[in-house]
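Below are two complexes that have chain A in common, paired first with chain B and then with chain C.
Take a look at the complex of A and B:
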């Protein structure tokens, strides 16, 4: 039934979108957790700089981000030359390149909820854990992370949904290669260009419903206790 | 066996300079107004505040000096915070087990069931922390700290955020800790009533310095310290229930000062109790009083006579059986009876309160 609703190309594109979103979120959680922790706890003046840089992708036009990534990751950019030295293909026009672009593009959606959640955990709960013999890493994983749970849920879901709908960065960096870098949002654009409105409709309604469900998850996770109290 | 502190810490508007050696047994109250540095001292002992110029030694073991700093999680102490500090993501059992699990089995001296029994938590184990009353939360926090089998228990005004009923609910538990577990406790407070009830020693903090340190008997009655001049100034005596007299509805308590009568109590004979005698409830007589309605009459010898806040009053400290008793009487009586140090006299105690 699914196969009769979607064309094979649609399905491949949807699969690439899902895979891209999943990989992006997983890597972002690894990268952003320590960054958000640092932003939430540091007293350094560098924090402002970090916050501004982490929020930059929110306001930057995706085409700008994609353009600079293309220069950087292309065969003549630093990133491309580094890959060449390592005996690897450049990341532009590849799935790996899309992942890097998506990570930059969706990073604020993970960092900001995490930073707010870690900030709400505060220092007291961690001090309590220290007086109960917990070492620093132990405190982080058994107190800070569970208390910041909502931040993790919110960040993951928002970044996932945001990556699903990404267009500009992918187009600039990925180049619309079916089966490799062609995501659902780009296929929608192609359908419209070819005046295949029903094709565009099928994928659009899919993304619309998916994003709505994801947002429902975020808001229901944050519903029960709006304020995340670290200690009660 | 002691806790030796030498802390020097300055911030823009505050200078903390504490040099003190506290006995590592019984309850030592860190007493002072808010802003006197009590909590900071406690946090330095715990290693939560990292003060550059500080030395902390516990029973000969260096927790901090110029070169070393033992992090909090490696110090064998328990800490009870002022406000409720239970982990919101764990239920009561999870909170209690958090510390317990992190102590090697060989070092555990207090078992789970024991701590639960001590603090009366049997029926609360499955509750979430937001389902508990303030008093229940503090009892869980105390039990959680006990379960790390601490060699020193630090308590930062653990009752100050609670209403009167919850305080009354917790105090007996603290007394049991002191009497039965023999864990030394440093107890921060600005409530003299609380301190009088449970402390064995007092370290008096004023503007970041230890003004004086000593046994509670001495500190409450020393005329050069503000405690003796408080409105509710008085002396305390530790003793045991000696006898009950149901006919007159009295119980007798044997103390160092002699036998004292109090209102009949249900407490069993032999139970240790602490009684309090307010300075304003003590009058003095040169002869053994006869034909008086006063029941408790203690022979003693005047130690000193000092001015009080009210110029009409004098504070007389009397040695009764080796313990100081404080009397607040008029200056006129001091002159008329020629009360002076060394004089033998009789203290008539109008009211003796059992501290419970």
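Take a look at the complex of A and C:
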């Protein structure tokens, strides 16, 4: 039934989109957790600089991001030359390149909820844990992370949905290659360019419903959290 | 812990599990070995036509075409940055020439695969007359065109309006809606947001029949819309690329398909 609703190309593109979003979110959680913790707890003046840089992808047009990444990761850019020295293929026009682009593009959506959540945890709970002789790592994983779980849920889901809908970066950096870098949002663009509106509709409605459900998850998770606060 | 809190914990755990599953699965999806594949970068205006032709070539040769649609300018930038395309079917002849001159296009492989025709078109009957007199009447709200700076059909539309002595006036009266590319110009008209638009004949002609009303400006009023193809030097499938371009140039089915889509063929 699914196969008759979507064309084979649509299915491949949907799979690439899902894979891209999942890998991006997983890597972003690893990268952004320490960064957000630092931003939430530091008193260094560098914090402002860090916050501005982490928010930059929010305001830059995706094509600018894609264009710079294309120059950077291409054979004449630093990134491309580094890959060459390591005896590897350049990352532009590959799935790996899309992951790097998506991580930059969706980073603010993980950092900002995490930073806010860590900030809300405050110092008191951690100090109490310290008096109970919990070591720093222990305090972080058994106190801070569980208390900030709402931030983890919000950040993961928002970044996942944002990556699903990514277009400009992927088009510029990926080159619209079927089976490799062609994501669902780009197939929609192709359908529209080819004036195939029913094809565009099928995928558009899929993304619309998927993103709506993901946002429902975010808000219902936040709501149950608010209720806890009210009961307590 | 209260019930809602437990619920949100469970939700979080489940989502994390789902994420892990997806990441694990992503490692398993190694691409299957296929027949030889040719990466073709094709200008947006020819994408739908080539999509229809591709199965015929694939049947005849046993190989697969991977089509990437985009604007010629974007492809040019990407090819300079090492994009893994084997062949470029451009919307103009300038960029393939430039690629050839820069050594990125294979010398001698360039040829004109299609010549576009400009048409002033309205989806409604009786809006555009067969002589284009409607342009002089001024009894219309707006005309759609593609951006003359980066779309060849936009440049051609500007040339026609300039030759008719209407370009300045229409600009002054703000009667031109400029689309980013030729498909946007078509959409302006098809959705009724402009009365008529300068578009490609290939967009409005289906097996030589055109719905609505139209005017074909004399070809002498604009520079021919030559669309050139070129093999890219970095290809590792030169033989297949040559086979494909030879097929596109000479196969009766290919030529019939290109003509039926509203293009001319170079003599």
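In this section, the second predicted complex is superposed on the first by the 226 of 232 C-alpha atoms of A that agree within 3 Å, B and C clash if a C-alpha of one lies under 4 Å from a C-alpha of the other, contacts with A are read in each partner's own complex, and residues count from 1 in each chain.
Note that a residue touches a chain if its C-beta (ideal position, glycine included) is under 8 Å from a C-beta of that chain, and two chains touch if they have at least 3 such contacts.
As the structure is a computational prediction, the values presented were derived from the model and not from experiment.
*Asks:* A:149 contacts which: chain B (first), chain C (second), both, neither?
*Replies:* both
*Asks:* Which of the two, chain B or chain C, is in touch with more residues of chain A?
*Replies:* C
*Asks:* After the superposition on A, what does A:131 contact: first (chain B), second (chain C), both or neither?
*Replies:* The answer is first: A:131 touches chain B but not chain C.
*Asks:* What is the contact status of A:93 with respect to chain B (first) and chain C (second): first, second, both, or neither?
*Replies:* second
*Asks:* With both complexes overlaid on chain A, does A:190 touch chain B (first), chain C (second), both or neither?
*Replies:* second
*Asks:* Considering each complex separately, which residues of chain A are in contact with chain B in the first and with chain C in the second?
*Replies:* Residues common to the chain A contacts of chain C and of chain B are 149, 231-232, listed in rising order.
*Asks:* Would you mind writing out the residues of chain A in touch with chain C in their complex?
*Replies:* Per the stated touch rule, the residues are 15, 18-19, 22-23, 25-26, 67, 70-71, 74-76, 80, 90, 92-93, 149-150, 152-153, 156-157, 171-172, 175-179, 182, 189-190, 192-196, 217, 220-221, 224-225, 227-228, 231-232.
*Asks:* Would you mind writing out the residues of chain A in touch with chain B in their complex?
*Replies:* Contact set of chain A toward chain B: 124-125, 127-136, 138-139, 142-143, 146-147, 149, 229-232.
*Asks:* Help me check something: in the complex, which residues belonging to chain C touch chain A?
*Replies:* Those residues of chain C that touch chain A are 2, 4-5, 7-9, 11-12, 15, 19-20, 22-23, 25-26, 29, 31, 39, 41, 44, 47-48, 51, 66-70, 74, 77-78, 80-85, 183, 186, 203.
*Asks:* Please give the residue numbers of chain B that touch chain A in the complex, ascending.
*Replies:* Against chain A, the touching part of chain B is residues 46-48, 71-74, 77-79, 81, 84-89, 98-99, 102-103, 129-130, 137, 144-145, 148.
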